[in-house]
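A, B, C and D are the chain letters, set down in written order, and residue numbers restart from 1 in every chain.
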Amino acid sequence: MKKIGVFVCWCGLNISSTVDVEKASEELKNYPGVFYADDYKYLCSDPGQELIKKTIVDNKLEGIVVAACSPNMHESTFRAAAEAAGLNPYRVEITNIREQASWVHSNKEDATAKAIQLIKSTVEKVKKSEDLFPQQIPLTKKVLVIGGGISGMTVALEVAEAGYPVILVEKEPQIGGNMAKLSETFPTLDCASCILTPKTAEVGRHSNITLMTNSEVIESTGYFGNFTVKVKRKPTFVDWKKCIGCMLCQEKCPKKTNSDFEHGMGKRKAISVAFPQAIPYRPIISEKECIYFKTGKCKICVKVCPVDCIEFEQEEKIIEENIGAIVVASGYDLLPKEELGEYGQGKYADVIDGMQFERIASASGPTEGVIKRPSDGKIPKSIVFIQCAGSRDNQKGRPYCSKICCMYTAKHAMLYKHQVHDGEATIFYMDIRAGGKGYEEFVQRAIEDDHVLYLRGRVARVYEEDGRLVVLGVDTLSGEQVRIEADLVVLATAVIPSIGAKALGQTLKVGTDTYGFFNEAHPKLKPVESMTKGVFLAGCAQAPRDIPETVSQATGAAAKVITMFSKNHLVSDPQVAKVNEKICVGCLLCKPICPYKAIEPEIVEVRVGCRAEKRQVATINKGLCQGCGACSVACRSGAMNLSGFSNEQILEELKSLCL
Amino acid sequence: MMNMTEKMLEQIRDLFEKKNIKLFIGFEKGFEKFSRIPAFAENYDEAKSMIIDEFETPLLAKYLIRELGEVGAGAVEKSERVGILTRGCDYLSIRRLVVDNIILRENLVIIGIPCNGLIDPKKANKLLGEEAQEITVDEKIVLAKGEIKSREINKEEILLDRCKKCIMSKVEESDILLEENMDDMEVSKDYSAVEEIEKLTTEERYEFWRRQFDRCIRCFACRDACTACNCRKCIFDITEPEMLEKTVATSEQFMFHFIRAFHVAGRCTACGECEKVCPVDIPLGLLNGKFKKDIELLFDVDEAGIPAEIEPLGEFKLDDPVEW
Amino acid sequence: MSVEFKPNIICFACNWCSYTGADMAGTSRMKYPATIRIIRVPCSGRVNPTFVMKAYQKGADGVLIAGCHPGDCHYNSGNYFAKRRFLLATRFMTFLGIDEKRLRMEWISAAEGVKFARVMREFSETISKLGPNLRAREEA
Amino acid sequence: MDKLLRSNVSRLLKKLSEHAEIYAPTMEDGVCVLSKLVNNYDDWTLDYVRTTNSVKDIFFPQNEEIMRYKNANNDLNIEPPKPFKERVAFGVRPCDAAAMLLLDNVFLEGEFYDSYYKERREKGALITIACEKPDQYCFCTSFHSSPGATEGSDIVLYPADDYFLVVAVTDKGKKLIKANAEIFENATEKSGIVENYKSMKTPIGNNCSPGELNEKLKNEFDNPYWKKIARRCLGCGNCTFVCPTCHCFAVCDVARGCDGKRTRTWDSCKFQDFFLMAGDHNPRPTQVERTRQRFMHKLNYFKEKYDKYQCVGCGRCVEKCPVGVHIADVITHMKEEL
């Protein structure tokens, strides 16, 4: 019978308020197999850990049960403490009597009874535990960054500077992401492309960074340190190596079409580059728009091209890369205004969203920076800005705050007032969230210096009446209804995950939350890591945030990658599957179950009685196996088992819970 | 049918002469009048007692596990080949072993024979009321003569249970085919027996199975006759972890029959041997039938009895049904 | 059913989604009856239907299996296999005469602490109404 | 000599049930099983040749609790099983009754006796019904018994048209008749009903009688015949568990947390791990040794120890073995060969 030590944690009042901790440790004292049982105020504190270590050494304990908070919190802490005291860390199990007992039950007697039963069942589990030793796995020191916006580029530059190769995949033909579309940035009003182009240029020419624009990740297999990723490079129909970027083709191309980059505010040619400072500064032919693709005629671009680099029959290419770590920086999109019924559902040309206003206000935009009405191109005399369009709105299923709209709407109003001094800028808001450095001062400047009118209240409806837009809202401070006629209405629509983020999540096997933002490993303590080891998160892919926060998070993610690459090999979790070769008959019912293809048949020599016999058995690639255990259910004779959550352990736990 | 036996003996002599096989497995007369028992011949003259006729025979595939699988490492490398007499249902069991990597197909010489339903002498005796001394079969009518009475019985009535819902009457692929099947056994899928139990209320169902399982004496004949049960060491013989206790209590019986039915779910070839060998006649076919019916219904498998490369529980579809 | 019947319910919670969801329910101090005992498993695909039968045999009155939403599984396909296994196992247990309301499978993600608490309350309520499970249960 | 009207049987069983549990052959889903009658005392049937489970089930049940233990904080207390109740087995066949004598040899003779079996035997009574119509599997006559034999029974009922002729064999039987005298009548006609049951022949007749087989079997240890029949044996426990004379059992502890019970259950020499020893050594690794052991024990070792063959010719193993590996086949073959 194993000598097991049980430690019940008070966790201050968190546990002891509804679980009688003393009674629990008292009752466990004479439970068969338990050699030592005690309770302590804060087990996760240093003195708490010392108590555990000392008890292990003094009594030569063979197993430890810590009844405290969730294993997701301190399992590694207590296992490290045990390891320091010479006990194999996988002989330590955690009973969750805080999040799953004291905090969720009010009746003290029930909660204590349940806690005691849970601890007893964990003691049974520890009795069946074994010594497990981590595996060493080789590591590919190359990172894949998905998304070429400011966060993706920051990660790429940081990791490249640290000397490791980077592959930057961007679905648009050029990098820069949403930031490249902005006019100025708050709170300093310095021009977005001025601070961005040095970064994009550096990324463009950095020797360690391989740029794969106009590409998407379509498949990712393997595990942390050894991913195999397939990237599909969509055809650009122009041979970018030969092209010298003279852009004659773009000039001469007869076909004009809506530019996605301009968000419908401007036009572009069928063959074009999105904006002048684009990196790589190479054109792309839009298959849908180009006349040659539709009718087979035209080919003007081929005629004018001095280096003959137009390739109409260019195919998409699938490139396979061995990757060590993946950083998801897929950025954000704005909630399409068509979804906002009360603001005209995109029917009115002069009701635009924040990004469209950025394009109008941007010097490299369609209006060269002059704020005009998209419908008739006149200078608007009065603009109404509507905050929280689609955000903080439970009916529409987006109760969260998009965080950046308060600041960029104040900036929009300020830019408008700088151009049209006598113009009226009115902002309907609920609460102004200006928490960053210099943010509040920026909003005050908009109110006091630029006389932007802030009306606290929500807008009920926006409709068109003889050529002008009517905005019906309420001013909750004065309690009156408000009716404003405006030439232009700008909606600060909600920030939503970029299109295709959910699909990317399923390809990379990284969970996304109900809104489609990627799930971080821990909201407070692991914001840049995803639940899947080796996959990191940066920027708005994880939640709406502004540029300073994005850059700091991206630098954090890069640091994580660099620390991962600083070691020559990785240490894998030993809680993986294990085959008992004496029992395995080699039927391989387990093989199709394994998502990581970690199970392969093998012919082994096994001694049976007095003769050796050749047998086919299943074998596990310990590096590939992630320990899900689905194969052990397919195994009829129980030959396939999962260390750490073995059949014996789960059965013992189950039996003692049912007593 | 007589010439079938001569044809078979010819083939066997030829196989032994050419040293193609080290062993041939067929049938010979048993202790009682119409019982046919497995026969093993390591040379031609041991095979002389083998016969082929229309009476019920146990499935031979199970013996391949011992003859080829464990001892001869036949699962792993080419070894001396074993000849086996095969009807459609035998072929399904052999395919079960091949798909489960218990034996290698090239270690087998399959001699396919036609079959249009076997007669169960026990059913004939029951209808006759005494032990039949003589049973003669022509086409659809069977004449059974006992010491006192004799009766003409419609062949359908005394067919073996598995023949009534025969999945494969022709041997799909064989090394030697003695004779082509005359006509196919057109048999439609019939889960009426399973549906009957499903119609009962939950209490009635539990009562029904409790009564059946209380009779079970845990002799494991069902496991030992089943080719889908081909583990090297059965989980019921493993004491650590003890999935099944030795005590024969009602809850243990439910555990035993649940685990066995679950282990062959989607892998059972509906050969009915388990039901046939059960000394207390528990309708085990219903248990496997229920799984087979659900698999065909839920995962649109057209015939779950024919072993697939990957068993139904070894794969999934994104649009599997969701409701419970 | 007499008031003081306290059902004994076993919940297999998958470590990445439902167990974290349970923790989320804990951190937001949601309440559910103390009749539920949670066993942590790496994935819902780890739960062997034999464990569920073993639970009934050893005295559980209800079993609940909580896993990630299809498509979100940390191991990519664990919950799909779990779904197939329990689609068959539930029907088979009902066929054997065990009340189908005593086994429930739910997809609960790491962020759905609210749903976790609600499902626990509902399930504990259903099982309390059903009373103790005497079928396929071990004699004392 | 007494007489018992068929119509009075249910009355007799009801009366006996006042202080004893009544076991009688009942039809369950087409299978005749010797099972306990709880309240319906005319649930018994007579159209059966033999019950699937023998009367061994009552005195040496498949599953028996030997003791219980409780281990509350390190002091162990042991509870013996509850005392057994009186039991009356009605509708037993003469071959099963004879089998009980063989079990008595094993469990009661010699220096040590099996207390559980002894108590059950003392508190049990066998009311046998002579066989009217033995079937093709019976060969009790080969073991100098007969469809009308009385060995092992307390009372034997000989069926005649609407009544049974009652023969009390043991004083327990006599006491039982005296205690329920009002149900029995005294029989006038003695027209040799008993004799013709005793002289009735079974279809197999005597050609399965072993005679001096045990001497010959002594040096048949590696006769190729064992390999031949063992090759078709599936290794299930069917024949051993339906056999009324097989008595091997396994004792195991079933723990439930800190308490538990020790149980005794039947075990079969045909199982793979029956002879498995510590250290994974198995003296009988393949089916050949096990099959040989089963028949050598019945026809050789038992005879040498108790001077009786361990078979009563009930025919269950002949009927139930799916592949025809049974004692009738062995005896007939060995008699020819040796």
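As a convention for this text, contacts are C-beta pairs under 8 Å (C-beta built on N, C-alpha and C of every residue); 3 or more make two chains touch, one makes a residue touch a chain.
Treat the numbers as computed from the prediction; the structure is a model and nothing was measured.
When every pair of chains is scored by its C-beta contact pairs, the maximum goes to A-C. Averaging Cα atoms per chain gives one point for each, and the point farthest from that of chain A is the centre of D.
Chain A and chain C have Cα centroids lying 30 Å from one another.
Remark: chain A and chain D have CA centroids separated by 72 Å (rounded to whole angstrom). We define each chain's centre as the mean of its Cα atoms; on that basis chain B and chain D are separated by 31 Å. Work out the mean CA point of chain A and of chain B, and you get 55 Å between them.
The set of chain D residues that touch two or more partner chains is empty.
Residue positions 49, 54, 77, 81, 85 of chain C each touch two or more of the other chains. Counting partner chains per residue, chain B shows two or more touched chains at residues 233-234, 243, 249, 313. Taken together, the touching pairs give a contact graph of some other shape, not a line, ring, star or complete one. For chain A in complex with chain D, the residues that touch the partner chain are 30, 32, 609, 655-656, 659. By the touch rule above, chain A contacts chain C in their complex via residues 70-72, 96, 98-101, 103-107, 110-111, 113-114, 117-118, 121, 506, 509, 511-514, 519, 531-532, 575, 593, 595-596, 626-630, 632-634, 642, 645, 647, 650-651, 653-655, 657-659.
The part of chain B that touches chain D in the complex is made up of residues 30-33, 35, 37-40, 58, 62-63, 66, 131, 211-212, 215, 217-221, 223-225, 233-234, 237, 245-249, 273, 276-277, 279-281, 283. Listed in rising order, the residues of chain C touching chain B in the complex are 49-50, 53-54, 57, 70, 77, 80-81, 83-85, 87-100, 104-105, 135-139. By the touch criterion given at the top, residues 582-589, 591-593, 601, 603, 613-616, 634, 636-638, 647-648, 651 of chain A touch chain B in their complex.
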